[in-house]
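In the two complexes below, chain A is the common chain; its partner is chain B in one and chain C in the other.
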Partner chain A sequence: MVRSIAHKEFLSTLRDRRFLVLSLLVLALLLAATLVGRRGYVALQAERAVAQETVNEQFHHQPGRHPYRVAHYGTFAFRPRAALSFLDNGLDSFTGAVVYLEAHQQNSVNFSPAQQAGSLIRFGELTVAFVLQTLVPLLLIFLCFGAFTEEREAGTLRLLLSQGVTLRQVAWGKIAGYSWAAVLVVAPALGLASILLLSGEATASSPDRWARLALFGLGYAVYFFVIIVGAVVVSARASQSRAALVTLLGCWMLGCLILPKATANLGAGLFPAITKAQLDAAVHEEAQHGINGHDPQDRRAAALKAGLLKKYGVTEEKDLPVSVAGVTMAEGEAYSSRVYQQHFADLTRTYERQNALSTWASLLNPYQAIRPLSMGLAGSDFAHYVHFQQAAEAYRYQLVQHLNGLQASMGYGDKERRLDASTWRAIPVFTYQAPPLGWALPQLALPALALLAWALGLSWLGMRLVDRSTTG
Partner chain B sequence: MSYILEAKDLRKQYPDKLALKNLNLQLSPGEVFCLLGQNGAGKSTTINLFLGFIAPTAGAAYLGGLEVARHPLEIKKLLAYIPENVLLYPHLTGLENLALLSGLAGFKYRESELRDYLTQAGLPPEAAQRRVSTYSKGMRQKVGIASAVAKRAQVLLLDEPTSGLDPKASNEFSELLRLLSGQGTAVFMATHDIFRAKEVGTRVGIMREGELVDVRPTAALNANELEQLYLTHMQ
Partner chain C sequence: MRLFRLLFYYEYLHFKAARGLLLLTGLLLAAGLYGIYYGTAEVARQRQHLAELPDLGRHQVAELQTKFPGPADAGDIGYYHQNYALHHPTAWAGLALGQRDVNPYYLKLRLLGLQGQLYASENVNPAKALSGNFDLAFVLVYLFPLLIIALGFNLLSSEREQGILPLLLAQPVSATQLVIAKLAFRLAVVLGLGALLSALGLYWARVPLDGRVGLWLALGGLYCLFWFGVVLLVTAWQRSSSFNAVALLGAWLTLVVLVPSLLSVYVAAARPVPQGLALTIQQREAIHSGWDRPKDETMRQFFAHYPQYRDTTTIRERFVWRWYYAFQYLGDQSAAPLARAYATGQAQRHALAQQLVWLSPALSAQLSFNALAGTDLPAHLAFQQSATRYHDALRALYYPFLFDKIPFTHADYARLPTHSFTSPTDTGAAWAGLGQLLLSVGAVYGLGLTMLRGRAITPR
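On to the complex of A and B.
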């Protein structure tokens, strides 16, 4: 029975010119967003790869220098875009793409696409995720709002029920029929995304990306199911098609526009984050309590020097096998880095608290469940961004300490000498390995469970409401 | 004697109105009962009670010996319902509509069988493949009758079925009812059409303000007498 009604609904939908026009429009937008997104991804990825290669080459081809100069010459870490970020670029437009790595200084990741784009980017971009999260639900609302009301108005609901069908069976049949129609609109875009991924570099052999794409598709399938069930239930309870449409459009505005902004503002209000300047000032102030490698008169530096003299059993600095300046630099770097890590962790926790408020709101709003899930699976959420930042900082620390170590090993009078150019070529360059799906999943558990809870809860409650609906 | 349709003290009380007052009625297989009455007399309420779409305040409706309120799904296997305006699904063809309705009733037919049902109901063969949105009201009624036959319904519940039909279509509809009645199908028809009631009915009932005030065999009356009886009760 459910299958018969689903088949009827599917056929009727396909033959409905209004749906045809709207769905073709949405499909065109989805395909365009997929192609444009992929093109942008490929261009940015190539740009960043070339830039990373260039700075790596420049680093390796430095002339014979003192390691201290090399540490301040520094290098850059470019953030490669995640393979699926062309479907959902998440925070990528607003988070930076490149970080300058140098001694003593933990720089922020700069040059976000938004920084370099016009002000129109503030209105949002046409991405696959935007179409899937915002426009497809609108299409589904227009498709489903008359599910029951139109049948009631036309008298066909009584005809159906007189065949021995229950209201619940009618509802499930309609949900199945509309779901097939939704698949027709969305599947080509995801199919195209799969082809583009398949043709992408090293993607075909990456099960992690395929698993992410599969979960991405599954997540949206559950999201659309929630929208369809909700719309059918509202239609079953509404007295007229117009009332059902107005109710559903109100829900769409609340879910897709008002609640996300309200929770983001509430999060920022409840957990205010410090600015980059405040972070730098706080780190700088606290770092003052540590050793200052640049000041030979620093009391702690003097103590370190005394310790070294004692350790090596000599009385003069010139007799030491290590450079005091190099060891002092390493100590200072270790201290300032610990300070930075602590402040950075505090700031990250603040952002995470802000985000958590929005994520918990997923229990109230399915849009706020699919958004973090989609970003997380696409590798463009805050957690993936922080992962890159930490990887870049870990590399910076390792590099600087390696250079400090080289300086220390040069012994007394190191400042008058240089190390051979081949020394720099032996230093490994920055390579970033994006985290695997297994790393991302625990962080996506809440929105994923919220979405499932919506699907199950709405089905359970919705069907009870449908049972109590009038036949008209 | 077992009746295919029966009402025992069937009553429906709304907060502001008594819609049906203790209806007692029995129909045997093959009988055509025509219920006459003004708008709001309780005809549609009676049909809705037999369909199980509304619950009685008191009494019970039975179809095939099953109490409607207790067996809402089982009784629907026995009946076919044709409203005043069979709208069907405009984006589907006549064949697709019939396949849907008979499928929901648990009957899976081949396309040729569905065509046969539509043809028997009087639908022109070339119309079966057309979308129902292009059908006249009479053609849609024929699809409704075809679905009743395909469903092998033992009882037809008709709510003003000939209203708005042209005389030819109305006549064809009456012929179909006579045919079905001859095959043992009981027909319960709410109508305003006194002439049609006399023509196809075996019994006629007159309902006024929720009460069945008179029941007569149609053979005992001519059309004029029936009209006079009706008008007398309506005064």
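On to the complex of A and C.
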């Protein structure tokens, strides 16, 4: 019986002209978003790859230079976009593209797409995730709001129940039917995405990507299931179709539009972050005067020099086998990097605290569960961005320390000499390895659990409500 | 007229009894108040940070004075001393934050090459930036239409569905009069709420009372009028309440969400700005080649720009600051065409967006609000230009010290120029937006009234 109700719902949905038009529209938008997203992704990726290639070449083809010069010449780290980010832009429009890696300081990641655009970008961008997260639910609401109310208004619900089915069975039948219709709308776009992913790059066969795409699809399947069940439950409880529709549309606005913005703003207001100027000043202060304020840089340098003289059993700097300047520089870099790392971790923690409000709101709002899940799987969320920043900083630190080490090994009077051009070719360039799925998953536990809780909770509690709803 | 007043009064009674609508209006009022609070608090926070920067500067001068107790080489001071270019918000910024959260509102500048410093970004939480700002402009542009839709989706259809419409039309009242009275009441509620929130916002943000106040109110009012026009249009169609709700929400979705997001993607693709990354690479390469180039070649190139220093002594030392700053300057010069192209590209992006805003009144309203508040891309580009001039002024102050070998004394710190820039208000763009809104309002009402006249209201 459940199966035949599902079959009937599915067929009548397909015969409904309004639904056909709307779903074709959504499908067209989905396909367009997939193609446009892919194009934008390829363009940006190429732009950054060329730039990275250029600076790598430049680094390797430096003339004979003193290593300290090379440390100031530095290099750039361009953030490659994650393979699946063409489906979900996530934060990529608001995170920078390039960071300058040089001695002594940690620079900001600059040139985010949002900085290069006017306020038009704040209306949102048409991406696959946007269509899936906000427009498809709307389509599902239009599809499901009359599930029970129309049957009641037409008097067919009683007829159906007289056949010996329960309200719950009717509900599950309808949910199954609508789910098939939803699959018809969404599946072609995900299929296209898979083809694009397959035809894209040489590394397309990486299992990590396919696992991410599979979970991406699964996440949205659960999300749509939640929306369909929720809409059917509301329809069962509503007195009229109109009331069901207005309630569902109200929920949609609240969930997709108002709550995400309100929680983000509230979080930012509750946990203010420090500015770059304040952070730089604090790092400078602590590096100069010691983390505890009683260990100034000059004294640290003097102690280091005395230690070196003692270690090598000499009295004059010129008799040392190492360059004091190089060793001091290495020590200074280690110290200031440690200070910087502490402040950077504090700032990241502040941001995480700001975002926590939104993440916890996923228990109230399925939209705020699928959003972090989707961008986490696509590799465009905050955690992935911080991962890049840390990788760039780790590379910067080891590059600068390598160069300081080279300077130290040049011995006394190193400033008068240069190292051969071949030295730079031996230094490995920055290559960014995006983190694997196993790294990303634990951070997505809360939104994933929230989404599952919604699905299970609605299936259980919602169906109890359906049981108790009126029949006629 | 008496009839109109009567109808108006009954609408009021109706509204007072509808708990859902009252709740919705209350919610919107609360959202508006929060928007005003959030926007002004955010701007106050930025102001506070801007006010702290001179203190940071003074602290640093004291540090330099300890480090260089006597007359110092100006090159050392120029290398270490951090100057701040400040971008102050207008009083309006709190009402429409625009891009002020993603673009830096101050820049730390040293005497080094400018292009390496001009594009530094501020600490931004990208997740927050993605969700956007909950300011008054958001409430007006996004949420007000939703209230208008909730108030108007069953304008006549509810009476028809309840079977009251035939009774009503049996009275000496025409359908058009009825629709107009109903619209007028709802318009009064919405405009009243909008005016109340705007007045509170303007007062709270302490905006100066000039022509811009009128412009803001006119923009908000016309935007609301437009949405009532859409309601009129859908009402004239005479379909069921459910259909009306879906149609109105479809219009909202198209105009407030879909068209802008499609335009955003289109504008970015049509006007790419790859010069940002290119100029960064170019500038670094040019500056650092200065170290490897013969010094007299660098100086010859520099003197071509600054002939007044041609007579200064030939450089024989291994390192001297004036040579260092000469190749910093030449690095900027070599990146200058790319930097100009980058700024022009961004300006063209904005111009293209401005050309296309007529596609959606929501865009017209939002971009006009931002133009009025000076929080959009052009304001930031103007700030960057101003910061460039500030860097020029710094160089102009330091160069005589460097080239004429004048020692930099403690008294000279006071001679360093300071910078302050307040966002310009683009009233031209706001007027253009007002014109577009006026046209859209004319179009929807023209069409709606024609339809209402053309098809008699069917009571059932």
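Heads up, the rule we're going with is that the second predicted complex is superposed on the first by the 461 of 472 C-alpha atoms of A that agree within 3 Å, B and C clash if a C-alpha of one lies under 4 Å from a C-alpha of the other, contacts with A are read in each partner's own complex, and residues count from 1 in each chain.
We adopt the following convention: a contact is a pair of C-beta atoms (placed from the backbone, for glycine too) under 8 Å apart; a residue touches a chain by one contact, two chains touch by 3 or more.
Since the model is a prediction, treat every value here as computed from it, not as a measurement.
The superposition on chain A brings chain B alongside chain C with room for both.
With both structures placed on the common chain, the touch criterion links A:Gln58 to chain C but leaves chain B unconnected. When the two complexes are overlaid on their common chain A, residue A:Ala154 makes contact with chain B while staying clear of chain C. In the superposed pair of complexes, A:Leu11 makes contact with chain B only, with no contact to chain C.
When the shared chain is aligned, chain C comes close enough to touch A:Ser241, but chain B does not.
Touched residues of chain A were counted for both chain B and chain C, and C has more of them.
Shared-chain residue A:Gly164: touches chain B; no touch with chain C.
The superposed three-chain arrangement places the nearest Cα atoms of chain B and chain C 18 Å from each other.
When both complexes are aligned on chain A by C-alpha atoms, no chain A residue touches chain B in the first and chain C in the second.
Residue ranges on chain A touching chain C, taken from their complex, read 29, 36, 39-40, 43, 47-48, 51, 54-55, 58, 63, 65, 69, 72-74, 76, 78, 90-91, 93-98, 100, 107-126, 130, 134-135, 138, 142, 241-242, 245-246, 249, 253, 257-258, 260-265, 267-269, 272-281, 347, 351, 354-355, 358, 381-382, 385.
If you check the complex, the residues on chain B that touch chain A are 51, 53, 73-74, 76-77, 79-81, 83, 85-89, 91-92, 96, 100-101, 103-106, 131, 151, 157. For chain A in complex with chain B, the touching residues are 1, 4-5, 7-8, 11-12, 15-16, 154-156, 158-166, 471. Looking at the complex, you find that chain C touches chain A at residues 31, 34, 38, 41, 45, 49, 52-53, 56, 59, 84, 98-99, 102-104, 106, 108, 116, 119-134, 138, 142-143, 146, 150, 154, 161, 241-242, 245-246, 249, 253, 256-258, 260-265, 267-269, 272-274, 276-278, 280-281, 284-285, 288, 291-292, 346, 349-350, 353, 362-363, 366-367, 370, 375-377.
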